Amino acid sequence: MPPGKLIPLSEAVRRYTRDGMEYASGAALPVGSDAIVFGRELLRQGRKDLHAIFHCNSQQLNLLAAAGAVAKAECGFSGLEVFGFANGLRRAVESGRLELEDYSNLSMTLRLLGGALGWPFVPATVNVGSDIQDRSAFAPDEYPCRSKIATVTDPFSGREIGALRPLIPELAAIHVSLADPLGNTIMLGTEWSRFELSRAAKRVVVIADAIVDTACMRQYPNLVRIPDLVVEAVVWWPFAAWPQSSPGLYDVDEAHMKLMNQALATEAGTAGYLRDFVESYDDIGGYLDIIGRDTVAALSRGPTSFLLDPYRSWILPPEVLQ
Amino acid sequence: MSAPYTGQEMMAIATGREVQDGELAIFGVGLSMLAGFFAQAHHAPNVRAMTEGGVYGATPVGGLPWGIECNRISANATSFTSALDALGCLVASGRCDVGVIGAAQVDKFGNVNTTAIWDGDGVIGDRYRLPKTRLNGAGGANDIACGAGRFIIMAAHEAKRFVDKVSYISSPGYLTGGDARSRYGFTGGGPSAIITTLGILRPDPDSKEFRLDGWFPFSSIEEIRANTGWNLKVAPDARAVPEPTPEELAALRRVDETGALRRK
Amino acid sequence: MPPGKLIPLSEAVRRYTRDGMEYASGAALPVGSDAIVFGRELLRQGRKDLHAIFHCNSQQLNLLAAAGAVAKAECGFSGLEVFGFANGLRRAVESGRLELEDYSNLSMTLRLLGGALGWPFVPATVNVGSDIQDRSAFAPDEYPCRSKIATVTDPFSGREIGALRPLIPELAAIHVSLADPLGNTIMLGTEWSRFELSRAAKRVVVIADAIVDTACMRQYPNLVRIPDLVVEAVVWWPFAAWPQSSPGLYDVDEAHMKLMNQALATEAGTAGYLRDFVESYDDIGGYLDIIGRDTVAALSRGPTSFLLDPYRSWILPPEVLQ
Amino acid sequence: MSAPYTGQEMMAIATGREVQDGELAIFGVGLSMLAGFFAQAHHAPNVRAMTEGGVYGATPVGGLPWGIECNRISANATSFTSALDALGCLVASGRCDVGVIGAAQVDKFGNVNTTAIWDGDGVIGDRYRLPKTRLNGAGGANDIACGAGRFIIMAAHEAKRFVDKVSYISSPGYLTGGDARSRYGFTGGGPSAIITTLGILRPDPDSKEFRLDGWFPFSSIEEIRANTGWNLKVAPDARAVPEPTPEELAALRRVDETGALRRK
């Protein structure tokens, strides 16, 4: 059955990304599903001046920011949850190298929903009345700012509420658990805002930990929330979210989460990280080597691995895919 | 402190006591989640707990989750939906009864800053300028602060964190006090308590200025006032907060199975 | 494990419905998933003056309208697809007994979304500029009507678009394929707008064709789009959507669809239908008898029955449920 | 009519010819769906077909589906989502290239009535009054008419249906003609063709009034004008529509496996 829309990761980055573009990831909360490996490849190909649209920061944005590849970013949460502050992103913001526009986790989703529905604005009962509304890193001289989050009057009650700007990113690189070669996908774990993003973005590339036969999708059509008709290309890359987690497939790599964030706290550490964990592999095999084959095996035996059981028999073997 | 419990445990239990049985409740990671699941394990078995990513029906396994979507909380969920659902349909809509959020800085009207700290007088000024220290941003806390029926703020009680006016409002409390919130279309009622490492503050019903409502057994009115950056008033009925009962401590420790709160 | 939130159908109708209420069904397109049996029970208990909120007409609304139980209705589509016009609804509208407010299929969903999100209005790029906007059966003297669908100005572009009124029905009786006793549910087939409705309604009762153990939900949490925390009560009733279809469980009963719609075309036919197919059973067994046990068996062997296979082992037997 | 194909088949094929390969397309039930799947089977193998309930990747099995969610179309779908997704994210957003809708009544500017017919002059008047005949309402057709890049109207060609001005606009065509559509926030471009039981009408590029563009081999300009309720103009390049090729007929009949279109 392959290739369909299956293309190599390097080809996806070459074909669908460019310097200065509005690049969105499906980044969920910083420990969850995100195609960090797509960010590694962006750096390997030297992409820069990116305008990053991340629902939440993840190790991908942390890395891209630390490496100086991001000029602007918009997100709802900029930390790493229990792993602390995102040192790479933080350093880029504090130095003024990166303009970070603050929203909340709901308003980022709503903006994607607005983009998906083709609305010129999205009503919001959140963010108004706070400095998220009044301050803009993109329009620093405007105070109180109303070009970022405006207000609109409800024509029925006369009540005033917020109005958010919809997001229509040029590209979304969305991590999914499973995809078929046509671009039908299954997400295990919360969608976060990947559904809305897949409809808002002009182009969607999905990065799947495993590729399954389309028969799997026909058995579970209600799980296929991002279907082929909105997907441009499919990339197969196991452990694509590493060191973050992919429910059903692998757990978070706690040691690497800490190592990575510590490295990104300095220029020197970042250079070392890029050398050791970004430039250091040639293919999927080499990538799994830098994770460590023992670690790969251990992380695959997590408490959620039963979530993958119903789909295992449809997973296509590597020899069909490469 | 020679008590058979830690300050963190007291704080988690005091927070958990704010959550009532049957409520729809949203918790963040860390202490907030432990407080919520303590409530469920102790006095609120039917609390409907959720996380902001749309993970429902789950209780953490194998220790404190690293994040809201960590495998430790995804392992026994009965439903996964989305952020739009959890933060939008269930929280911003006004359906959620109670939320718990953290604060790097909180002011006398319960406004919360989790975004950044600026140099000098700490005030950002009329022009947006680079922060000295970038923090985590609002995350879902702004949405909870705007939408949840009420919310509880957890914060370490230090004078630099308990300020007269936060330098950036990430999540709105009572803004400038009184009925200032009513100018906006918020569906939620505002902060009902600040649970600190030393005690509990609650808003004056009219002015909405936070006052000292209770001190933990190992603290005092004096210690709390000394660690508060505004002239903290004491509510007429302020009292010592009851220490954890053996049942409460046992329930919390079942939830905190790796002892995260006992180490401090 | 049962009962949890499991209650009998008659009890659900007794407890959660009242004359004159805003009653919403999860009605999908007229051949799809809808708890028609809930409407039968509304009639058995003599409910009247209902304000029906149906995404689309179904045989439930057709029946309730024919029987004179509905005073007002709002929906996006009022026919029966390839089965023709909905004779019962049509007769009630033409006689003036029922005020039917017209929307479109998207605007009904958007109104539910607005109710779900607590918005005072919902932006719309549809329905404006047509008589759906200009005419209101609920406000017949207003022309062009703006109290039904207003307009709002985008604060960013100055462009004018439509503004819809959100829906917050008092009760939603939503058909699902599978539910556990706690109220976690699985829908097979398109959701239509049942997700949005389950968040918009003040109270939600789900009517499931089969009850499964909660272990099923823990295996497939991504399928549980309506979780227990929004569900008030669970009703088990096999063939709850009959004569419409429930993908995976049973096909549409073509003969009864026609018989029913033909009967509802007249007062006499409606009286006969009520006698034979509404008042004529005492319990689930009696209900399956009026469908016909052979028909039940034949409809269960439809082309979609493979969709149910992954969940069959978790289905709880009738003796545990009654 | 002695042609080796029926009028219904000609109409389905003429509609299918409007759909191009690779397009994102939305079809209703009945003739419209057969036309769409004919296009897919014949010249547009990569058409991305969907129904308004959010059923993707399916082709009908076992005969003409009874409805958009019929088991006959749910049996081999690769994805089920929702109406919000199909009609909102994919159609109203402007992403859908082409839609096909039906009409009980259509006027010279391509406005469609599927809601009701009134007594007397057929006009509802300034006050909403009871219709003589209630029809099916707008359904998803209004959303397609507002949002799809272009849409195609299918209608039986009779003078009472082809009127100067529809009595109720269920789904907007070009409204009062010219650039009248631009007053609204529509994302879609309007109707590109009316495929009738007798031929094809297309809009004048400026006035947007529909003109006769082609007549089916078994019809004529005269017959069509006689069955049109306004003074139908004939486009300068109007011509006879080519009859179905053997390949087209074969493809259509594979799709119409129970012969629904051959019975009339």
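Lettered A, B, C and D in written order, each chain numbered from 1.
Everything below uses one rule, namely that a residue touches a chain if its C-beta (ideal position, glycine included) is under 8 Å from a C-beta of that chain, and two chains touch if they have at least 3 such contacts.
A quick note: this is a predicted structure, and the numbers were derived from the prediction, not measured.
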Any chain in contact with chain C as well as chain D: A
Whole-Å gap separating chain A and chain D, where each centre is the average of the chain's CA atoms: 40
Averaged-CA centre spacing for the pair chain B and chain A, given as whole angstrom: 28
Distance from the mean Cα position of chain D to that of chain B, given in whole angstrom: 56
In chain C, residues with contacts to at least two other chains: 117-118, 120, 125, 159, 161, 188-189, 191, 221-222, 307
Per-residue multi-chain contacts in chain D, two or more chains: 80-81, 88, 92, 147, 185, 187
Category of the chain touch graph - line, ring, star, complete, other: other
Set of all touching chain pairs, with the criterion as stated earlier: A-B, A-C, A-D, B-C, C-D
Residue ranges of chain A in contact with chain B within the complex: 28-33, 55-57, 75-83, 85, 89-90, 93-96, 100, 102-110, 113, 125-132, 135-137, 139-141, 143, 159-162, 188-193, 195-196, 245, 247, 251-252, 254, 257, 302-304, 307
List of chain B residues in touch with chain C within their complex: 24, 48, 50, 56-57, 76-81, 85, 88-90, 92-95, 147, 185, 187
For the chain B and chain A complex, residues of the former touching the latter: 29-30, 52-55, 61-62, 64-72, 74-75, 80-84, 87-88, 91-92, 115, 124, 126-143, 146-147, 168-172, 175, 181, 183-187
Footprint of chain D on chain A - complex, ascending: 116-118, 120, 180, 182, 184, 199, 214, 217-218, 221-222, 224-225, 227-230
Chain C residues touching chain A - in the complex, by the definition given at the top: 117-123, 125, 146-147, 150-157, 159, 161, 163, 165, 186-189, 191, 219-223, 306-307, 309-310
